[in-house]
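Labels run A, B and C following the written order; every chain starts at residue 1.
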Amino acid sequence: MPLLEVRDLGVRYGSVAAVRGVSFTCDAGEIVTLVGPNGAGKTSILNAVAGALESARLTGDVRFDDVPILGDAPERIVHRGISLVPEGRRIFTTLTVGENLRLGATPHGGSAEDMVSVLERFPILAEFRRRPAGLLSGGQQQQLALARALLARPRVLLLDEPSLGLAPQVVGDLFRAIADLRDEGIGIVLVEQHARRAMKLASRCHVMGHGTFVQGLEGSDVAEVVGAYFGGDALP
Amino acid sequence: MSDVAQHLVNAASLGSLYALLALGIAVIFGVGRILNFAHGQLITVSAYVLLVVSGLPWPLVVVLTLLTGVVLALAMERFAFRHVRRADPATTLIVGFAVAALIQEILVLSVGARSKTVDFATSTTLPVDIAGISIPRLDLVTMGVTAVLLIGLTLLLTRTTVGIQLRAASEDFGMARLLGVRSTRIVATAFAISGLLAGTAAVLLTAKSGTLAPEMGTPAVLIGFFATVIGGMGSLPGAAVGGFVLGVVTVLMQVLLPDGLLPYRESLLFTCVIAMLLFRPQGILPAATAGQRV
Amino acid sequence: MSMLRNTWIRAWPLVGLVLLISVLSALLATGGGEVRAASMTGLLDVVIVIGLYVFVGNSGVMSFGHIGFVAIGAYTSALITIPAVSKSLLLPDLPGFLGSIEVSMWASFGIAAVVAMLVAAVLSVPLMRLSGIAAAIATLALLVIVGDVLSNYKALTGGQGTLTGVPTDLTVGSAALLVVIALAVAFAFQMSRFGLRLRAARDDEVAARSLGIAVENERRIAFVVSAGISGAGGAGYAHYVGSLAPDQFYLQLTFLILAMLILGGMYSLAGAVLGATLLSTLSTVLDRLEGGEGVGPLQVKLPANTREVAVAVILLAVLFLRPNGVMGGRELSWPRVLGGRRPQDDFGPPPPGEPAGSGLVDGDPISVKAG
């Protein structure tokens, strides 16, 4: 039984079907990526799973630990163990870094050990703890967004375009951090423009177009496609 | 010289009162994007409860009045505004209109339309002499209470978990929920704070005027609305500043306007509000809200 | 033949309402004095609601200030129809020609409409740059300002007291004619290219702008037209009650008129008319019951203010349960018994659960971004 199972998911905005008949699973300790052009429906899938869309717009079935969660309120879903790091990060810019982190711990009330371990992972955040989060650089904000999500002790992380707007060097660090999280046993659903890097990490990759999956790749196929489409040069 | 000082005290006192009114509106607008026209009726009903219990020792009177504001505010959220959580602010304004009318008419049904006098804290209207200026005690109380509430609110918002959640929800409600902040609880908390502020305003207004009328809340809520516009909608510091500015300008106009224009001071003031909406819609101290919320 | 029928079908939303109003008024006009008075109130409510509808329904922008135009119309009409003799007593300080001028009731309706439109035209220049909550607050401020000026400009209005002496020469027939004119203007406006462009902008402002529609200007036109209808409604009101005071034109009336519009559904002319008719009837019935007069076989005495409580409860119920109102944005449809299908509906009733426009809309509290 997979940790997260999405079956035949559909999302409608008015008369427009943004997502149709999408199914995939994500297990603990694996990365599943969704790639595809803008407007293909990737963000809608993550929002639907995280509970950020009205239930009236949704069809299909999403199960977490075999419990149906589709249409639940977002605060309930995060309490269950699924955290979304949304597109654009949505840091609370008027709150301090520390306050942002404290909010991340909302589902469990926040333990000191959690905070320490997160700050060890992202030391720059400890340094800027009292600063308004709006003053952080893009890369630092992305670290904060990730740290904030981790404090909820997620078992599945939904990452929406985490590398968007970041400098290439920072992107490398970010992907290493994502790989670390996978190795620690978190299931990750990753939506990325940097398709090549994302696919390198992924055990499964779904290519989207017009609201549905047009191609699915698994295991060694992913590496093969990466090689075929993007050339064989090794990545950092 | 002492004249000027006297006016300044007046201005500061009225400004404090208006700041309380504006904060009551702003705390709900910030979190819930709800413009609660029925805030005026929170004040009115609290004031009538004060009238009923005014025979008790004054600390008890104050507590019961504040409690009325809180309970009624929570009831409003539960039975009215929760049903239109997804509506845009203009619709919530109409819902507030309806709730306000309902409460006011029920009040008229039960206590009558005529105004009543209340014998509460009358001694506070007596002046004290400070440095040659005679200041009504109530003005000092108003300023003091406002200062205490502002400090308390600041501490709540910066030091407590629920306060941080409130600020986060004001900036980006959806993201706060995605982090696990319970939407119903946080909106209810905002209403409770608003009710507390309304109860406080009821105590101060009643002590000041000594009379109650079923429609006493309406001018108060209009002041609150327009002050939040001036200060910056959704911004709590903005609301406090906006209320204060509105109070000070009101007193200034009373002092400085020529006789011919004096009757129109409200019109002038509210024309400034419209001008503010046109030329500086974000107000004096803009709220930091994520773009998609506005 | 078929072209003629198509014209009929196209005009049916108007013709149907005109027939409805005419038949209703003709019936009521034969009633006793109280029935006639009640029907005049109802008809004037319809005019005022239509006035508000022309702006709010077509633009999707809320206005709390339209009762200000009703007030302007009422006072304008009063000032030019109160006999000069009475005016010299009531308002000795009237400026210039206003002291001596005396016109007929219908002329005063026209002039009242024009004055309201002029005021609206000036105000619309800044106001129509606003939309959403800013527009709502600015128009509320406008209402307060109009009330304040009416209460204080004693030379013109007599101040806070009551201005009496307006000839009460309104009949059910003339009130009905006023409704028909308002209906015709409102219908012509919404079928005109101005109306269509404004509705397009209401349903999708970004798309409308990208087509080159200057949304502010379209709103300005609707604002001015709707102020004219509101002003004429106010003038009719003056000639019905005969005496005016500023507090008749404040929040209470604003609330009642808004409730009527929302009850019927703010996105169709039929909704405006229906809402006004329903609520006005109910309001009259409850008023009589409160007064202990009874209505036909119904002889109960209700406590005072039952009417106001009922209006508030009904409005809340509509807002919670059917935010698009009774008509749900639809116009009257061509009766099936007469054969033929419904005409292509230019304005497309919003599908259930998908309200159109930006007035009573469902805005997702969480940002939604298709990606």
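Worth a mention:
Following the convention adopted for this analysis, contacts are C-beta pairs under 8 Å (C-beta built on N, C-alpha and C of every residue); 3 or more make two chains touch, one makes a residue touch a chain.
All figures in this text were calculated on a predicted structure; none of them were measured in a lab.
The greatest centre-to-centre gap from chain C, using C-alpha centroids, is found for A. Legend note: the chain whose CA centroid lies nearest the centroid of all displayed protein CA atoms is B. In whole angstrom, the spacing between the mean C-alpha positions of chain B and chain C is 32. With centres defined as mean CA coordinates, chain C is found 52 Å away from chain A.
The distance from the centre of chain A to the centre of chain B, each centre being the mean of the chain's C-alpha atoms, comes to 42 Å. Annotation for chain C: residues 364, 366-367 touch two or more other chains.
In chain B, the residues that reach two or more other chains under the touch definition are 86, 174, 177-178, 183, 290. Those residues of chain A in touch with two or more other chains are numbered 52, 54, 74.
Listed in rising order, the residues of chain B touching chain C in the complex are 33, 35, 80, 83-91, 93-95, 97-99, 101-102, 105-106, 108-109, 173-174, 177-178, 183, 218, 222, 225-226, 229, 233, 263-264, 266-267, 270-271, 273-274, 277-278, 281, 290, 292-293. Taken together, the chain A residues at the contact with chain B in this complex read 50-52, 54, 73-75, 78-79, 83-84, 86, 90, 92-95, 99, 102-104, 106-107, 134, 148-149, 152. Residue ranges on chain C touching chain B, taken from their complex, read 62, 64, 126-127, 129-130, 132-138, 140-142, 144-145, 148-149, 151-152, 251-252, 255, 258-259, 262, 303-306, 308-309, 311-313, 315-316, 319-320, 323, 358-367.
Touching chain A in their complex are the following residues of chain B: 86, 161, 164-165, 167-168, 171-172, 174-183, 288, 290.
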